[in-house]
Amino acid sequence: MSKSITAKDLNVYYGDFLAVEGVNIEIAARSVTAFIGPSGCGKTTFLRSLNRMHEVLPGARVEGQLLLDDDDIYAPGVDPVSVRAMVGMVFQRPNPFPTMSIRENVLAGYKLNGARMSRSDADGIVESALRGANLWNEVKDRLDRPGSGLSGGQQQRLCIARTVAVKPEVILMDEPCSALDPISTLAIEDLIAELQQEYTIVIVTHNMQQAARVSQNTAFFNIAGSGKPGRMIEYAETSTIFNNPSNQQTERYVSGKFG
Amino acid sequence: MSKSITAKDLNVYYGDFLAVEGVNIEIAARSVTAFIGPSGCGKTTFLRSLNRMHEVLPGARVEGQLLLDDDDIYAPGVDPVSVRAMVGMVFQRPNPFPTMSIRENVLAGYKLNGARMSRSDADGIVESALRGANLWNEVKDRLDRPGSGLSGGQQQRLCIARTVAVKPEVILMDEPCSALDPISTLAIEDLIAELQQEYTIVIVTHNMQQAARVSQNTAFFNIAGSGKPGRMIEYAETSTIFNNPSNQQTERYVSGKFG
Amino acid sequence: GEANNPVAENGDENGNGENGGGETSEVQGTLVGGGASSQEAAMTAWTNGFTSVAPEAQVNYASVGSGAGRDGFLGGEYDWAGSDSAMEDEEWEQSKEICGPDGAFHIPAYISPIAVAFNVEGIDETLNLDADTIASIFSGEVTSWDDDAIAEHNEDVDLPDTPITVVHRADDSGTTDNFTEYLEAAASTWEWEASDAWPSEISAESAQQNSGVVDLTSQTDGAITYADASQIGGLNSVAVLVGEDYVEHNAEAASQAVASSTPVEGQAPNNMAVELDRDTEEAGAYPIVLAAYNIFCNEYPDQQTADLAVAFAEYLVSEEGQQTAEAAAGNAPMSEDLRSTAMDAISQISAQ
Amino acid sequence: MGDKVFSGLALLAGVAILATLVFVAVFLSFNSVGAVYREEEGLIIRQFLQYAYPLVIGTLIASLIALLLATPVAVGVALYISHFAPPRLSKSIGYVIDLLAAIPSVVYGAWGMSFLGPTLVPLYGWLHQHLSFIPLFAGSPSQTGRTIFTAGVVLAVMILPIITSVCREIFIQTPKLHEEAALALGATRWEMITMAVFPFARAGIISGVMLGLGRALGETMAVALVLSPGLLTASLISAGNSTIPAEIALGFPEAPPGSERQAQLIAIGLVLFIITLIVNMTARWIVSRHKEFSGAN
Amino acid sequence: MPWWVSLVILAVSAVLGAALSALMTFNMAIWFILTAVLYVIISYGVTRAKVSRRKATDTLWKHLVYLAFIIALLPLVSVIWSVTSIGIPGLLEPGFLASDMRGIDGTIDRRSQEEGEPVLGGIRHALVGSLLITLSATFISVPIGLMTSIYLVEYARGGPLARAITFFVDVMTGIPSIVAGLFGAAAVGWFLGVGNSLGLGLPTRSTMGITAAIALSVLMIPVVVRTTEEMLRVVPNELREASYALGVRKWRTILKVVIPTAISGIAAGVTLAIARVIGETAPILVTAGFIVSNNWNMFQGWMTALPVFIFRQFQNPTSPNFSDPSHQRAWAAALVLIIIVMGLNLTARLIATFLAPKNTGR
């Protein structure tokens, strides 16, 4: 499991609006990469182009090459569904399925695809995914209650469990901790460290301490002005980015002097 | 403007479930108070009881006394609408009105009082509120575009501007920065420092650095276990809470050793 | 006698008791027809009665209206049609397509006088009127019940000054057609052409179907309407001046009017469509009569349908059939002559 | 694969509707030629229009009355269910209102004719006595209550549950977030409704009203039973006026096959088609004008 | 304001209302109306004077909303009262549901009315006909309507075809029911004609249950499309995205996430659509005919539906001069029809509750 990601001259558009321009990046397998940058610079947009979720929006499209190991996921004939099965995603706003119980939510990746499994297999998957997301103890007594009845932080962890349960190769996380208290945040960070053993992980965060704590590499995105496309300014080891960035914009941003 | 808040033995219920129990607190006028505590301990619940937003949920109710200066806002005959006009609130998830333009969003609360105003008065209010929320420069050219077209951080600042425009006595903020990048966060923290000159401010945050930066006093909430009511464990000057807490739970929480 | 308890005998194919010991027919199958609603009550009785004559046969009738009935008949949807008015020549030409070279023919099996009925508090008897006055009332010229025009014919009656509310048929209808035909022919004050639709310039209160106008009239003081005489219930009606006498509607006079009217020429040889003599001066005749035709083919595509059609048509005009209808619907039975002419006409039906 | 089949099916369903409509349109047009063309005289459009326009106006009057009466009440009831009634009761109350939709039009017709009409007679008398200077209340008041106004009221009762049902479902979907935003600004409940609920539900309300209007425009039996159709008149309180569906229902059964009358009746059916079209296009246009402010996702 | 103020206002309004209505002609209805109107106005005035203009506006609208609800109840109560008070005795007539109208003619009804014998005959055939025809129409319309709205919301994204469909669906909402009936008969007749000329051996006559179902579908489909379209549109996109991100195909996402989330609204829409057609008269009469006995076969022979039965019994009573038995049967059948629709409504709601979002909290 786990694959590397290589973007070559990737442009991401909303209709005619070029939101992210010319990204070249190589993300190693089994690593954690953080995306940082000011609001609106295109982190989410770029992240969504990594599993072809971007094109779900009307008019949205992508130019350039994006390799998963050696396969271009934007090559003609590639089925976006199979890409998404390999590249899981956790959204910024927790979005459990309101029609499903906690248990069903964890199994959604299987159940929605019509997979059949024995009760005990399913139980195993549910427990290990929820344990992985540090949620098991809180919900083990109410697995059949609706997922929407949980607190915000719990919902977010449920969504992580749901993504992990399908065992993708790559996991994308868009500000997964922004709604969480320090304890849950810590739990998720631990989870990320653990997942890194098996998965390639990309995480968007506004919290630089967090980026510093969890990631090996960090990419800094910036935007020249409103209406201009976002660009990847610098990509390097996390310690380099925070301590010794080569680009001045990066330096100003990580030192909080921006703007 | 600006009033002190005094809670006496406040219990907050969801139907039969006692979510927050026996809170006694005195919040001085023109101060910033931070509420911290783990997820689910009742910070949001208690905050919402301060402007009678809690009772909007079906079955939700409050017991005890809550004084704004010397008036009990839960006394019979008190109109919750007038309480809310005095005690403004910024939610965790930005919620601008999608059907209104940016300008209309800012004026939404102000217009309620039905005061007719000239175009130029209105312009003045819009500009000063947006400047206050550090959003003016970004949106001054598109005041007539829908508010929902802004980025998450911009939306949050728009909501703050909308709240400030009404000129309440007290402003409650529920994790206002959790969706924001560091720059916007800084802007909002500056804004809080400024608002403190005129308003009483209560802020819920998961970010202890933030609590340390912006608040004079901090209240720590905790919960004994799932299904138990949340309680206020300790309330003191911020520096005391972070450096020299008297309660052991507080100490463990602020030092990150919790759980 | 009729041991008719359909509730108990439901689900049984021929659940009706034997009928007066008459002989039963062997015909079987289903005969479907549709058309005029005027004869619906009679048709209900006929279709029921026919089951006892021909236990293996079933007859269905949909009261979709005369025009729609003829439409369905010409379109091959119905085996026969009920109609308040005779086919136009064009339609008859068209009927040759499905009914062979002689086309279709009419049998006036349902005959009923049309009563001019009213509901006025204070008048509990028959009023006498002539055609001109009736026309003036229905055209809205005479607006009060104590108008001289009415008083002139009813010297003994104490007429109240109730305003007159005219109630006519809202739907296009054969009853309206026959009534306006009478007015057109007999009244000098009536300026409109006879038609299925009530003249729109003089429209007043209206309701659907005979039952509708009768109900509305019963509810409204001062109302007057025209309706199938068998359906006016407790309403009083008008005796119409014919020649020298005022004639009340009655069954005999009605069937007499049909028997003595002019046959329509130019269609099938056995056609029985008639041109009613509306301005007759003949003593005792009641000229406002409605004859609903049942239109059958002279040739049916197969023997079974032809046999069914013959059996059913014969039953319609049989003495027993006419009595059954009279008992159930209150219409006027066909006269003896008319029945035997009809029997002859029916015997022409054959299979192709 | 599954995706192809499914989207194919969805497309097929849409196309099937189009095909049906084309079929209906062809059927109507083909059969209504006789209304505008006579062999001896050629085109007789003017005669047809003369025949059709009072019916068009009558249809519009009845539907307008129904809409004016039903929309405010329906929106009110939907609001009552979604935002005013005790939460525990609101489901059952919704069910009670749905009962109105469960009543067949024949029964409404019978009710309007035998109960509502006579009940309104004194009102018509009163209106005529005191307000006859207004053309709407001029003319001799009906003694039976079978007027276009009564028909409008019956139609209003019939479309009320349709509009209520659609509005209710949409009102309930209003994001709590926006409702709370309004309340937190110090809005009263009503102000919250105007700030958060109505703008969100705007398209849905219009959709519900259009659905109701469609029903009102096309309702046949109830109107035919309740109304005493007649000449076009501005008066709402005397007999007269008719609607297109009622005219068709009342005239069609007796219309001789292939006659001009039959063609005429089908042609006014076509006219009703066109009216519906114009009304709906207007509604769509109104909705689309504010699209970017709609808050839809 | 103290709670008793509104009671005082109510009392004052009632007295004033009584006085005013006595000035005209005293009448319970007028008294009620005046009292309600006065109560709303006085409350507004008092609140405005004593509290604030905004509070007064709020109170005013609250009262108007309550009033709307009461107004809506009036016709409901009135109609239900009419139907039940006359309908229940008919319904209690033994065999009313279990027998049909074979053998019932004017003579029998005359005896019932004149000699007080029980009213014979029932609605079994009409019940069967109505259920078969309505269910068939539902089975035709709901898939087509639902799939069309799915096409419009999920696939089409406002292309020309989608606009054409939307446009024509709008037009369909206004088709008079009789026209739908004529069209159904013509279309099926044409289809059978073509089929038979190809030697398929189809029935020659179009009058049968399925024709009615097709005609009714023309009336049902637009209702289904318009309501479900609205309901699908308000399903949040984030749920769709959550599903896609799990590698779930679009069609499965639609079936298992979007539809279950919108199911309550869809059920309401389908109920409306059924209610719309189950009471239709004219289109069924011209497409399915009218019989007095039972027929289970949708593809052969005529059928009677309840509304047609009711209508005929009202309009052309079995015995024209002794119409009480017919009216009794008609009202009882109307009651049955209402109960059926309510039953369907309840079923739809149960299904919806079963599948609906399990909402708790905010």
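A, B, C, D and E are the chain letters, set down in written order, and residue numbers restart from 1 in every chain.
Rule of thumb we're sticking to: a contact is a pair of C-beta atoms (placed from the backbone, for glycine too) under 8 Å apart; a residue touches a chain by one contact, two chains touch by 3 or more.
Each chain and its UniProt protein: A, B = Phosphate ABC transporter ATP-binding protein; D = Phosphate transport system permease protein; E = Phosphate transport system permease protein PstA.
Keep in mind the model is a prediction, meaning the values are calculated, not measured.
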| item | value |
| --- | --- |
| Number of steps on the shortest touching-chain route linking chain C and chain E | 1 |
| Interface with the most contact pairs, given as the two chains involved | D-E |
| Cα-centroid distance, chain A relative to chain D, in whole angstrom | 50 |
| Approximate Å spacing (C-alpha centroids) for the pair chain C, chain D | 37 |
| Euclidean distance of C-alpha centroids - chain B vs chain C, Å | 83 |
| Distance between the centres, which are taken as Cα means, of chain E and chain A, whole angstrom | 49 |
| Interface hub residues of chain B, defined as touching at least two other chains | 81, 93, 112 |
| Where chain E touches two or more other chains, by residue | 54-55, 58, 236, 249, 252, 314, 361-362 |
| Touching two or more other chains - residue numbers and ranges from chain C | 37, 64, 68, 75, 208, 212 |
| Chains grouped in pairs wherever the two touch, ordered by label | A-B, A-E, B-D, B-E, C-D, C-E, D-E |
| Touch list for chain D against partner chain C, complex | 113-114, 118, 142-144, 146, 224-225, 227-231, 239-240, 249-259, 261-262 |
| Touching residues (chain side chain D, partner chain E) in the complex | 2-3, 5-7, 9-18, 20-21, 23-24, 27-28, 72-77, 79-80, 84-85, 93, 95-108, 110-111, 114-116, 157, 160-162, 164-166, 168-170, 173, 176, 188-191, 193, 203-204, 207, 210-211, 213-215, 217-221, 244-245, 248-249, 252, 266, 269, 272-273, 275-277, 279-281, 284, 296-297 |
| Complex contact set, residues of chain E against chain A | 157, 236, 238-249, 252-253, 256-257, 260-261, 355-361 |
| Residue numbers on chain C that touch chain E, as the complex places them | 2, 4-10, 15-16, 30, 32, 34, 37, 40-41, 44-45, 47-49, 51, 58, 60-64, 68, 72, 75-77, 208-212, 228, 230-231, 233, 324, 327-330 |
| Residues of chain E that touch chain C when the two form their complex | 94-95, 98-108, 110, 120-122, 124, 185, 189, 204-207, 285-286, 289-293, 301-302, 312, 314-321, 323 |
